[in-house]
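Chain IDs A, B, C, D, E and F follow the sequence of writing; residue 1 opens each chain.
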Amino acid sequence: MIMRLDRLQAEIPPPSDPDPNGASIVQELLGGKFGEMSTFMNYTFQSFNFRNRAGAQPFYDLVASIAAEEFGHIELVSTAINTMLTGAAKAKPKKGALKGVKDAPNTQQFLAGGASALVQDSMGKPWNGDYVNATGDLIGDLTWNFFLETGARNNKLKVYEMVDHPVARALTGYLLVRGGVHQVAYARALENLTGADMMKLFPSPRIPTDKIPECQPHIKRGEHLKLYRWSPDDFKQLAAVFNGPHPETGEELEVAEELHPEGSVAHDLPAQPAVFSPGPEPGEVEEISARLRKEAGI
Amino acid sequence: MIMRLDRLQAEIPPPSDPDPNGASIVQELLGGKFGEMSTFMNYTFQSFNFRNRAGAQPFYDLVASIAAEEFGHIELVSTAINTMLTGAAKAKPKKGALKGVKDAPNTQQFLAGGASALVQDSMGKPWNGDYVNATGDLIGDLTWNFFLETGARNNKLKVYEMVDHPVARALTGYLLVRGGVHQVAYARALENLTGADMMKLFPSPRIPTDKIPECQPHIKRGEHLKLYRWSPDDFKQLAAVFNGPHPETGEELEVAEELHPEGSVAHDLPAQPAVFSPGPEPGEVEEISARLRKEAGI
Amino acid sequence: MIMRLDRLQAEIPPPSDPDPNGASIVQELLGGKFGEMSTFMNYTFQSFNFRNRAGAQPFYDLVASIAAEEFGHIELVSTAINTMLTGAAKAKPKKGALKGVKDAPNTQQFLAGGASALVQDSMGKPWNGDYVNATGDLIGDLTWNFFLETGARNNKLKVYEMVDHPVARALTGYLLVRGGVHQVAYARALENLTGADMMKLFPSPRIPTDKIPECQPHIKRGEHLKLYRWSPDDFKQLAAVFNGPHPETGEELEVAEELHPEGSVAHDLPAQPAVFSPGPEPGEVEEISARLRKEAGI
Amino acid sequence: MIMRLDRLQAEIPPPSDPDPNGASIVQELLGGKFGEMSTFMNYTFQSFNFRNRAGAQPFYDLVASIAAEEFGHIELVSTAINTMLTGAAKAKPKKGALKGVKDAPNTQQFLAGGASALVQDSMGKPWNGDYVNATGDLIGDLTWNFFLETGARNNKLKVYEMVDHPVARALTGYLLVRGGVHQVAYARALENLTGADMMKLFPSPRIPTDKIPECQPHIKRGEHLKLYRWSPDDFKQLAAVFNGPHPETGEELEVAEELHPEGSVAHDLPAQPAVFSPGPEPGEVEEISARLRKEAGI
Amino acid sequence: MIMRLDRLQAEIPPPSDPDPNGASIVQELLGGKFGEMSTFMNYTFQSFNFRNRAGAQPFYDLVASIAAEEFGHIELVSTAINTMLTGAAKAKPKKGALKGVKDAPNTQQFLAGGASALVQDSMGKPWNGDYVNATGDLIGDLTWNFFLETGARNNKLKVYEMVDHPVARALTGYLLVRGGVHQVAYARALENLTGADMMKLFPSPRIPTDKIPECQPHIKRGEHLKLYRWSPDDFKQLAAVFNGPHPETGEELEVAEELHPEGSVAHDLPAQPAVFSPGPEPGEVEEISARLRKEAGI
Amino acid sequence: MIMRLDRLQAEIPPPSDPDPNGASIVQELLGGKFGEMSTFMNYTFQSFNFRNRAGAQPFYDLVASIAAEEFGHIELVSTAINTMLTGAAKAKPKKGALKGVKDAPNTQQFLAGGASALVQDSMGKPWNGDYVNATGDLIGDLTWNFFLETGARNNKLKVYEMVDHPVARALTGYLLVRGGVHQVAYARALENLTGADMMKLFPSPRIPTDKIPECQPHIKRGEHLKLYRWSPDDFKQLAAVFNGPHPETGEELEVAEELHPEGSVAHDLPAQPAVFSPGPEPGEVEEISARLRKEAGI
């Protein structure tokens, strides 16, 4: 089971100019074959389906713990999309209030969503369970995980170059660093399990994160070197797998002492009445909420 | 973001007689349109996409918090399936080791999985992102959530009757109780928001859980009345929405003091070498794990 | 627009022994690529999208009118499936009431349906809009329609041989005759439009309906020769296309004087409480209905 | 079975400026999850699968009859799309005749269609049978129907605001009024069945149709208050369910005396030779049709 | 089995101005329902599944041989797309290198591909195996093949008109001629098998290729009249089916003496480092390749 | 382009006892995510989309050439399925001729096919283009190819154990050996490109083919060590990549002198009239074929 903290793993800038085209492309990082729904669900189901956990505890702990981090990644990508769509629709529901988004490439962000993220890729195709490989064969699954992170990194680099909105840049800057750690973690696990030396595959694709400005703040904080446990008491044996030098920098990999990054409180994105979010008359919801709080003594 | 606890929300019995037919049917509760992937992802994305959270905090807290519980439900259903499939394949990978599962209705539980759960429904169709409605319109989303729980309850009742394996019964007994709480929670939220009186819709379908033996232990512990917050510090305002009498029993709804149920440690399901989980030679993984632990001083 | 008559185009026998396996196969005739959803929707959308109707009225009338008959075919196939599933579940919702259908090949007929038809094919794959070709190019669309009826006839013949339940036999006996008329109609339309002689393609597949006992009552009534107009006042010009000799028997094709076959009233299929249809306590619905009728003076 | 009337339920304006972008968005109302294919097919299959009809006749009649109206809605939406696409392609099939639609968001309206409607949503995803819920559980299905109409209303309102083409406005003006009646009908049915009071959920989303100019002509004619039976002789007991005051206006709900609205004859949309509809040389089809009519004495 | 020749069946012009919009439309000819993946896979699987080949050798040879040609067609369409996308992304992977393709209608050509073809249609929907009909019924399959080529020709004509890029024009000019031969071949096969006279269906759609400039070079070389055997020693009996006059020109159909067209060497499309193809640092791959060649003495 | 040889790469035994259950499972090796359609299409599209081929010729040659072999694999798997289904239906199309396959897990092998292979996986889900990764990034694509072969090997091993029909055993025995070569080839390519040492990942899954009796004849012929070029004149530089010791046996990898294996002529599978293949009256097709041959002087 999980506990949820109402914080983002990293800071996403507040809304600025809306960018529906960019937001439509960022969907690839959410619901694409190599998006964060895929990383989250692959590792989650691999952990659910893991057999003989006691016998293979270091590997179980690694996969189960990284799964937890990926929840934060679907949260971050969704937040980025929602932020980039804020302000795209006019203020009030009335004739033509949505005329400005008629040419938006992903019409369903407004029709099916409330200027918000969908569980789709950049072409509007829904994420589906076939994107999950959880065969139970540890070597096989780790090989897939390594490749999945490779594909995810490819997509993050391309979205970084394609979308210049500051929110997309902040997002991909962070995800590239953290995805890099996961890529290393699975490669190390494979090495530990088989003896194969995979470190020369890094970086893949062949662009080091130290060339990307938006990665630097995270690298400076050492986020490219450490795994969190994401658990008060569990997953401690991942340290038996995740260690040794980073393949690109030579620095030592480490398990963080803190359970999770401090993160930041999300900006409270403003209502978008024209897409009925949280309703065409947001004031109505506010009043009711205030009354309910009062009645409940909160 | 989340923290993960390596415990199940409820106890799932250990492996007994394998039941591939039953396990294939239980998939409906995982990857079906009204399965737990749907409840988990609907509430999760509704919480990500929630606008003006401060203004509508009690409702945001309710949805965000229930989302966290649903992670535990996909975990429980997966565990049930994995347990029911344990022992279905013969002990060793060799000619015919899998002959016994040739007639299994879901062949991919063995071919794509390691005698394990898939992100599919009972007919082998993958779960997909179209099953998520997160429009941002609070009244609309809550109406959907109420119906989603109704459909989920329908499916749980039917799986309960269709599959008599003790694991399936334990699973559905628990989920019916907790799903019932969520059904009430969304109905209450709608009432608080609109004034509509929806309590006479309960139970829907019209079978009270007090007729179901496997529900009784959970009802005795009051699990049919309370919401957990699933968070150390957040989601406290859900108490402003979740209150009043239970529509079936008249007892008072309450927010639990403990953050989450104590739950239980999962049975460590044994290796199934014939499906290569965690490999055709499990001893190999065990030895390596032992060595790694030793090297890491754990 | 349409008016609906609460009658079936042909008689479907009442429930006898339930046959979930057969009912699962009959789904191919409903939601398969060559099932009746496909014929209904292809002709319906071709009629909606028809341009220059006045200039091509005989062809428009033909397509639009046959579309109307196909509604009756999805109704017949659904009725057959529902009849074949009646009695498959035990009488009462209680532990194990559905145990008997645990091995049913289409579990969702019981989980997602109420022992009832789904918009799926025989493998549980949902019908989808890609099965529709409505290009607007009259020669192209008629060529497709001819092939679509060929594929449909292939499937009906095979289901006839595969499923020996009397309901399936009655269904396919009727559909083979009526589908044959549509196959001829589209071939005649093509001939009239291009001069190509397609009559030697009949029968396709090469099994004449006069070898099939269940077709004979319908052939005796001349149902293999006539098109109905399915409309009080419209579609009269189809007679300009649908004429000449039947390719297999040499008899003259004709437009029926009656607007539609007399048909028959459907058997009122009994409640199946174990699948909650129309609820786990059917008496509850009956009482309410009686009261409402009384209050409304009906 | 059905009879078909070659008339539209409401008037759709004739072609004016083509609007491929708008026509691509209107597809959501046809093939989207909450589009008219969904309402049509949900109620149609619920009526096919309805058990114990005699015992629950008022409810059967309600669902079966509304299903018939929805056929007219897929007809209206398709007509609107076809009208908005008329003139988008140049007059003659020749090099570059289709260059003008190269940037159309839905390329398949021209490639797979003849400047015409597809069985898809606004992102080009085909409608599929999974959008149908026909569980047989009356309370469950009515709850879903109420939500389905809520989602449909949400989409209609948004399309109204997004697309300012007069055809789209006329379409959504009409559909909002009629969809509102269905939303009320299902809520009333639920109330009658359970005693729950759902009227305060109206309007949902919270925009009354009396604020929308294009709804007014229909409201003036009382179209917001009445259900038609859509049948010469059947479905008379729906009056036992559909009665009482309208939740927004307080006026009395009623069953219309006329079987269906008078409606209007569709504009005969002109040939579009550049997309081969009804062929690259429309004159050819006209001449043949004239000859066939003459030969048939029509 | 096959042998592969590293040549294109026809010449595709070298890269000129990139045209992502056009390349997105050309996808319909690759992965659309009537695209070349469909023709290739339909005939391939029909040949695999062909029963009693000795007894029906002329027909088997025809289908099996045309299948081989279709491989060359998926190669040509892919090459055209890749050529049209060359240069669309800036030279180097760096911030904004892909900004220029942010508005490309098919974002995945850059995100999932390397400025390259995908196994999708023009709306981004993946090709799937449901597009294959291989029933084994010879008359049925040939009827379908004739229609499939009709649909393919419809799409090629429309893409020809919609996309004026010289590469798209060269591609469709060639494919129209060769597709026309296949359309004739399947019609002739049907005639030979049934006696039906289908020649008056040509051309379908009703635009003769002699009106299309880009078809002329191929017609002059007689490419509209001949089938190749595409095999050193096999498929010789196709001559028993493919003969007689061409339905449009009256010229005699013939089996070519050469096994396959001479074709041409593909232009070596330049690296596109900004989409990491064949990597962000193409020089790296070149050096390694040179070294490997040297070490291997090549 | 390709030339086609009407021979199988390896021998598939003639029909013996039909095995519809087994044939349904073998579909996973054809249309599954890790089936041969996936290997064929992945490498084919990677070769089509390969940029700067001259600069990276050894790698291009490797991928393009292996693609050609994979065509032979979809042919082998289809042949195996068709063989296993031969005789499953009774001899003649008549009432009940197909009754014996009513319980076949893949009903569409008989309804949509003619007792024949479909482009589907073992659960009846169609293969789709999303299973193809052809990003153009050479390191990324080779990593994927290595994993794809790993997944394919996993599936082949499991099908080997699950299905004891001699045809399935012969099939998987051969494919395991050849798939192993491809797995090595891609690992070697990665090593050559990056310096990473991946040889210790073999075998993956951890079952050496020398333990599998049906692999031995092929291993004895050295089929586990060599790549064919599959081309009269091209793809010669693959030798620069494919060399060095085999990771499991230490024997030297080699490029075969012969262009392709000699293979064998397929058994001519007998007509199955009950599924209309090649028609319900096979004699009819035979006579026509004989006449056509005679007329053509063949």
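Simple rule for what comes next: contacts are C-beta pairs under 8 Å (C-beta built on N, C-alpha and C of every residue); 3 or more make two chains touch, one makes a residue touch a chain.
Given the structure is predicted, the values throughout are model-derived calculations rather than measurements.
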{"item": "Chains touching both subunit C and subunit E", "value": "D, F"}
{"item": "Pair sharing more residue contacts (C-beta pairs) when C-D is set against B-F", "value": "C-D"}
{"item": "Greatest separation from subunit F - chain, by CA centre", "value": "D"}
{"item": "Residue-number overlap at the subunit D/subunit E interface, same or different (half cut)", "value": "different"}
{"item": "Computed distance of Cα centres, subunit C from subunit B, in Å", "value": "39"}
{"item": "Residues within subunit A bordering two or more other chains", "value": "33, 105, 112, 123-125, 130, 133, 135, 137, 139-140, 154, 205-206, 275-276, 279"}
{"item": "Complete list of chain pairs which touch one another", "value": "A-B, A-D, A-E, A-F, B-C, B-D, B-F, C-D, C-E, C-F, D-E, E-F"}
{"item": "Sites on subunit B touched by subunit F in the complex", "value": "93-99, 101-103, 105-108, 110-112, 123-126, 274-276, 279-281, 284"}
{"item": "Residue numbers on subunit B that touch subunit A, as the complex places them", "value": "1-9, 31, 37, 41, 44-45, 48-59, 64-65, 67-69, 71-72, 74-75, 78-79, 82, 112-120, 126-130, 132-140, 192-193, 230-237, 239-241, 243, 259-260, 263, 268-272, 275-279, 282, 285-286, 288-289, 292-293, 295-296, 298"}
{"item": "Residues of subunit D touching subunit A in the complex", "value": "21-22, 24-25, 28, 32-33, 105, 121-125, 154-155, 157-164, 205-207, 213"}
{"item": "Residue ranges of subunit A touching subunit F (in the complex, touch as defined)", "value": "33, 130, 133, 135, 137, 139-140, 143-144, 146-147, 150-151, 154, 190, 194-201, 204-206"}
